[in-house]
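We call the chains A, B, C, D and E, going by the order they appear; numbering starts again at 1 in every chain.
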Amino acid sequence: MLYKNPYNNYFDYVVQRDMDKCIRCKDCVTQCSYDANFYDEERDLIYSLDSNCVGCMRCSTFCPTDCIRIVRNPDTFRINANWKDNNVKDLYKQAGTGGIIITGMGNDKPYKNYWEHMVIDACQVTNPSIDPLREPMELRTFLGRKPDRLEVNKDGDITTKLAPQLVLETPIMFSAMSYGSINYNVCESVARAAKELGIYWNTGEGGLPDTLYEYGKHTIVQCASGRFGVSPEYLNAGAAIEIKIGQGAKPGIGGHLPGEKVLEGISRTRMIPVGTDAISPAPHHDIYSIEDLRQLIYALKEATRYEKPVSVKIAAVHNVAAIASGIARAGADIIAVDGFRGGTGAAPKSIRDNVGIPTEVAIASVDQRLREEGIRHQVSLVAAGGFRNSSDIVKAIALGADAVYIATSALMAVGCTLCQQCHRGRCAWGITTNDPELSKRVNPEIGAERLVNLIRAWSNEIKEMLGLMGINSIESLKGNRDRLRGVGLSEIELQTLDIKQAGM
Amino acid sequence: MTEKINEDGMKIVYPREQWCIACNLCEVACMTEHSRTKDPLRAYLIEKPRPVSRTKVEYLPPVAVSVMCRHCAEAECVEACKNGTLTRDEKTGKIELDRDKCLGCWMCIMACPYGVITQVRKEEKAVANKCDLCPDREIPACVAVCPNRALVFEDRG
Amino acid sequence: MKIDSQGMHYKVLNQKINEAVIQGITDIELFNVNGQRYIGDGLRKEVRINVHGVPGNDLGSFMNGPVITVNNNAQDAVGNTMNGGKIIIKGMAGDVCGYGMRGGKLFILKDAGYRVGIHMKGYKTLNPIIVIGGNAGDFLAEYMAGGVIILLRMFGRNDHNNIIGDYLGTGMHGGTVYIRDGIDKKKLGKGVGVSEPSAEDNMLIEDIIKEYAADMGLDAGKILNEKFEKLTALSTRPYSKLYTY
Amino acid sequence: MGIKPSTPYGKDFGGCGLVGIIDRSGGSLSGSMVVSSLCSMKERGNGLGSGYAVYGAYPDFKDSFGLHIMYNDISAREPVEEFLKTRLRIKHSEPVPVKKLHSMNTPPEFWRYFADPPEDLDVQDEDANDDLIVGVVMEINERIDNAYVVSSGKNLGVFKGVGHPDEIAEFFRMQDYKGYLLLGHTRFPTNTPGWWGGAHPFTILDWSIVHNGEISSYGTNKRYVEMFGYKCTLLTDTEVVAYLLDLLVRKKGLTLSAAASVLAPPFWKNIQDMEPPKKDYYTALRMCYGNASLNGPFAILMGFDNGILGLNDRIKLRPLIVGRKGDIVAIASEESAIREVIKEPEDVWAPKAGEPFIVKLKEDVTQVRST
Amino acid sequence: MKYVIIGNSYAAVFAVESLRKTDKSGEITIISKEPYHVYARAAIHEYMDGTIGDAQMYYRDKDFYEKHRVTTIFGRTVTGVEPEKNRVVLDNKQKIDFDKLMISSGGVPIVPPIEDFKGVGTFTFTTWDDAKVLKDWVKKQKMPQAVVIGGGLIGLQCAEGLKHMGVDVTVVELADYVLVKALDSITAQRVQQWLTHNGLKVITGNTVVSINRAKGRITGVKLKNGEKVKCNTVVLSIGVRPNTSLVEGSGIKVNRGIMVDNSMQTNVEGIFSGGDVAEAEDFLRKKGEVMPIIPVATMQGKIAGFNMAGEKRTYPGGLLQNAFQFFGKSVVSIGNVISIDHNDGFEEIIKDEGDVYKKAVLQDGKLVGVLSMNYIARIGIYNSIIRSRMDVTGIKDKLLSDKFGFLDLPKEFRDEMLTKPG
């Protein structure tokens, strides 16, 4: 406190401790990874250094006597509609450091959330709803390239050889989070859950730890510009390969795993020396045009002898529909579109908060465009970026997605409280840290169980919602915008989403 | 050290240091469970004598581990005990400590290779204190409270 | 085994190569190659592929084992994300060669294009090596994290001699570049340090050059007569101070 | 098929393969040459656009402006021809001969018109003549539905449409044309299929351009040329490059290489290191024409009446390679495309980033197009 | 199968328990000269001063022998062992046959050549009866004054017990300080100071040569240096020696005690021994040693029992260790804490802070002894370290830290200890 630069000393949270209830168990001290809680042996007191508190709630949730409350710092700047608190604090911070402000997780600014302006239709009288408890309810989803038509010989047998597919038991996958950005235990949690659920997890760009190869059949391996850990073995280890072009939290810029996070296991998996920066800049240096993307897609297909579907992941941006069309035509089997609320890693704040577009509109326009071009049925479309619950997913599929990627909600299932400190590598919940002490906080047994619970619950809710729409198979929801209505949207918004106004 | 035999097989608490996060909740729960009031606030702040945890969280960052009685098949504490305060219940396999009998000679503390016997005040004097696997609970308190499954209640016989 | 590649689509050609490799054939000679891509892509056997003609892009990408000899020029992205093996180009090569390369050798007789050796990585026993007999375009060794690049500047087109790359080693945080016959310091990217090669460096250079010269039919002694300069990263964390939170 | 997309997607972009072949001695190269060269790079396109430019295609009308006009709907022909009559003297008109292919459902119709400026215009005032043609092109493109001017130069024919390079070549009977300079382009658009106007080359007067890459500065460039009367109507970023060149060279009077330095200017870092006259020159160019500089990855081939210019973006993010044998020079995205037409090149090399590569007809070669 | 066990203390109980674990049907007979059910011999001083009562004195439940189906012959002394006839002879000439015999006859007090050490007012202090008699005697004295001869553990415990009973106690020790066999000089002297502080008189470097009486009643003792100490009670406690008299002439080999191998068998097959009477291998010194301490006795009894019943078990060697306290201060010693020969690979690490004194003794990098005063938490961990013979050179600095624990030890050792059944 004493030696801090006063200009940098505006903090967000205060740790309040009811000393009548504090039993000095020091749990809060050991659990805080940001040095906010201390034990003073001489006075037998626990006290807090509020300026270090990030509001992650680790201490308050662990306190066995519930004596801790994390509250917003009541300190306030003079009210100014233009200069909001965060503008002011960021400015001071940068004036002090000259650095680019880094933050974690997706866009948290109050942009309009279209999920909350769409409602789902239900059957009443004229067509029956279905009871999902009794009746079969199918969520199985195939991702991969589908032929335009099936060739049939004169005996009526189908002669078309189908392209390789990913088979999902529920249309939800765990989105790319690299080993390194999240630690091994989180990777293992996600991998185990994917296996148990019959879905897929995505390695992100950090390679696949050799001990997780056993989950290969449920793994999508990613190939990003840094090419970390990309070897022929890696490419063949997964069920599909994803080329990462962009990600929702930071469209157009790359990833950067700071050297201090590159510890032994990460070093081995990424195949870079311990302690060096793992830089994966925005462009693949072999992709500067769509035909270069095609070149890489086919290089990967050749490397895996056309046995794996290739996905291309892009951030949702203005021109996403045209880009998606190009990707489809470049030979990708799956297109993943990551909206600006997505992103589990670190991102420069200026980019996270101002670049990209919401998934909702991106999916609507991509689906629409691919249909206009008559190629939507040939490729799969995966929506990503900030899915919070099953109804968001139902709406995304109704807008045209085949499946969704979740990452933020997956991390939340293993404990994340959205404190947005991912970039610091000190995650108190043991997620976005490789510190061996903190990483232990995610026990993959528990992590996997919680993820399985979450996806099962969502899947059941999706079934319920399908049932009330009178649908017993997820493919009848795909692109079924007739089942959506807009509430509180302007005409151009309705038009962009291509849905009707509620009541119409 | 005693040769390890556990002929009947029995459930005891094993630490899994890989997952121990040094949160100390096992100690808190143990103390609370073995308090008069079974309330952590009272156990820590009011009760006299203050209960003493029977498990010990060792913490040497980045590693932590909670160590408690192994209920050895041939327990060295039992072999060292002067007057039979410590005995092995042949039916349950538990190492029982009879507090009323305890002399407070600390032969058990000396002998226990795990260092898990502590001292607790009983009226005027101190007596030995050790894990009793929480007879009032189905699962020992420390295991039940552990947020990260760093303690498991298993039979590894 | 000989394959006449005249007019053959790459998919067909590569399938023939793969089948041959699966059958255990270790020497494959390709004739009339002109622009077929992905030759050797993902191959993991120690076979020899001799290419007559100009192979297409992504020659030897993701490859781990084979030795590919091209008796002519090669196009872009040779040895893309290559893991092991060796590619010998007895002519010039295009842009983005050795991208993300983390093992094996890429020997180019003449010039290489832009963005060569970007993201090269070395890891433990894996130590990728690129030798370029001519010059290289801009961004050589950008983001280099490991491995060795040797630029000999011998066979560059005189009228384009100036093509020695700008922004050399930008963002470099590992690995070593050796440049024969000096370098204009203005062309160095940020964070690159220049030093004299040590005795150990010279031994490494000598070993590599001897192999290179043998493959190319050159006189190693002549190559080694000139002085080399050594470029290394000043930091393994070139951008550590860029951010705040 | 064959209609201009009705949805307002804004500009399109795409990746491509390109090739240019010139005979410096002015000899006649067969149209088939450029076709076979381009076909070797089929992988770079996706069948949604290919095109060719043939300089020296119309020796019989070499002094007249040759307008290739594409009719998405033939009903547009009447208003176009009515309009042309009001501005120009049409010497000859005919449908562009095509071979109908099964793979093409309803291709647009193509007509060509050879025309001269009205008599009252001073034939010596080349600029005025050119302005007149530019105006005509812009007006047709903007005002008359379903009609687009595909080319408007002298002795120049441009043939383009939706299809693979071999299909378009077959459709337009490329083997029937000869020229001293040939351009070819295969396209990988991300636009709606079936927009014939979106294929390369894009032309204005004698400028014809093929492009690989994406112009990230399109918005800036477009609004800049629009100040000078150009209309970007073809839903592609490439179009603007043709207009920029026309603007810079013909209207602003820059040399071709100076114009190239505007499109791909040296970095300030490099300008900083230059000696004063040169330094001032480049500083001035960047300061004055910054709005005309192109950003983003690109490789451009631009044909003009007596030569060809190749240009890369200033960090060379798109490939461009040159091969030469005698007077024949070929420039393409891939070396294999060069070797398809020059079997044993004497020399093969890659031009530098941002530095224009210009090949002109030999000095002593009679200007194929008289002025 | 007939098992006979001579003695009824720690070793005997453990022998019974392990016999019964292995052999559910064999006949077991226990012979003890004392009339009591098995009791805590080591707690007699606490019994004497009233700290504990009868209930806490019994080592096992009353029905222990019944439950283990043991025939008890109490109040009888074994006078002879006849190996060739597989029988023992009792003081009443009764002969008891055995197939397997366990001799755990304990120790007998050493009686030095002190003039007039007999009769009223003189006591030894090894059995419950000793404690009872002494207690009754002291209670009858108006002004009880006692001289305890011997500053060993038992003597001092007796002295403390007497002190608690209000007796004016003087301890006379021949050596330069008390507890000379158990402690190093520093701790011994501190204990001595503490005893003095608590009102005991301690005379060292001296001994009692004679007892002065008047009218049959003791009036004092005369020390070697001529000094006289007034008292009416003399307790002799200079130690015990193995009670081996019963095997004299039997052919069972005796050195200081009955010699046994690492199955606790004597040189005579079928005859085993354990406890204070036995001389078995010392874990550290690897030679025969009589170790009259509980953990050794119980372990020997256990091993003997198993082997008698046919289950092969090996005695790992005895490790000297003791825990005791005087007037509330605890001392624990484990292993070899004295007689350090610094030239023989020995090294001492000492932590002397305030009230707490800790010492570790290393030999060739291995821990061989730990001594701790006033801090005993988790001290048993050292026991396992000594037993493991691990090299502790690398953790020397941490060894005596209060936070020392498993995490300072190698992971393999820790896993072996903590992840397997105890």
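Here are some notes:
Keep in mind that, in the parts below, a contact is a pair of C-beta atoms (placed from the backbone, for glycine too) under 8 Å apart; a residue touches a chain by one contact, two chains touch by 3 or more.
Bear in mind that the values here come from a model prediction, so they are computed numbers and not experimental data.
Note on connectivity: the fewest steps through touching chains from chain B to chain C is 2. Between the contact lists of chain A and chain E, the overlap consists of B. With centres computed from Cα atoms alone, the innermost chain of the structure is A. When you average the Cα atoms of each chain and compare centres, the chain farthest from chain A turns out to be E. Chain centres here are means of the Cα atoms, and by that rule the chain farthest away from chain B is D. Each chain gets a centre from the mean of its Cα atoms; for chain D and chain E, those two points are 108 Å apart.
Centres computed as Cα averages put chain B at a distance of 28 Å from chain E.
The geometric centre of chain C is 36 Å away from that of chain D, both derived from CA atoms.
Here the spacing of chain B and chain D, counted between their Cα centres, is 86 Å.
For chain C, the set of residues that touch two or more other chains comprises 10, 37, 57, 76, 115, 139.
Those residues of chain D in touch with two or more other chains are numbered 43. Listed for chain B are residues 59, 63-64, each touching two or more other chains.
Inter-chain contacts occur between A-B, A-C, A-D, B-E, C-D. Against chain A, the residues of chain B that register as touching in their complex are 18-25, 27-29, 40-41, 43-45, 59, 61-64, 145, 147-150. Contacts from chain C toward chain A in the complex involve residues 10-11, 14, 18, 37-38, 41-42, 44, 57-58, 61-64, 76-77, 80-81, 83, 96, 99-100, 102, 115, 118-119, 121-123, 126, 139, 142-143, 145-146, 171, 173-174, 236-245. Residues 93-94, 96-103, 223, 225-228, 230-232, 235, 256, 258-259, 267-268, 271-273, 275-277, 279, 281, 285-286, 295-296, 298-300, 302-305, 348, 421, 423-424 of chain A are the ones that touch chain C when the two sit in their complex.
Residue ranges on chain D touching chain A, taken from their complex, read 7, 9-10, 12-17, 43-46, 48, 188-193, 212-214, 297, 317-318. Across the complex, chain E is touched by residues 1-4, 6, 12, 14-17, 56, 58-60, 63-65, 67, 69-76, 78-84, 87, 100-101, 103-119, 156-157 of chain B.
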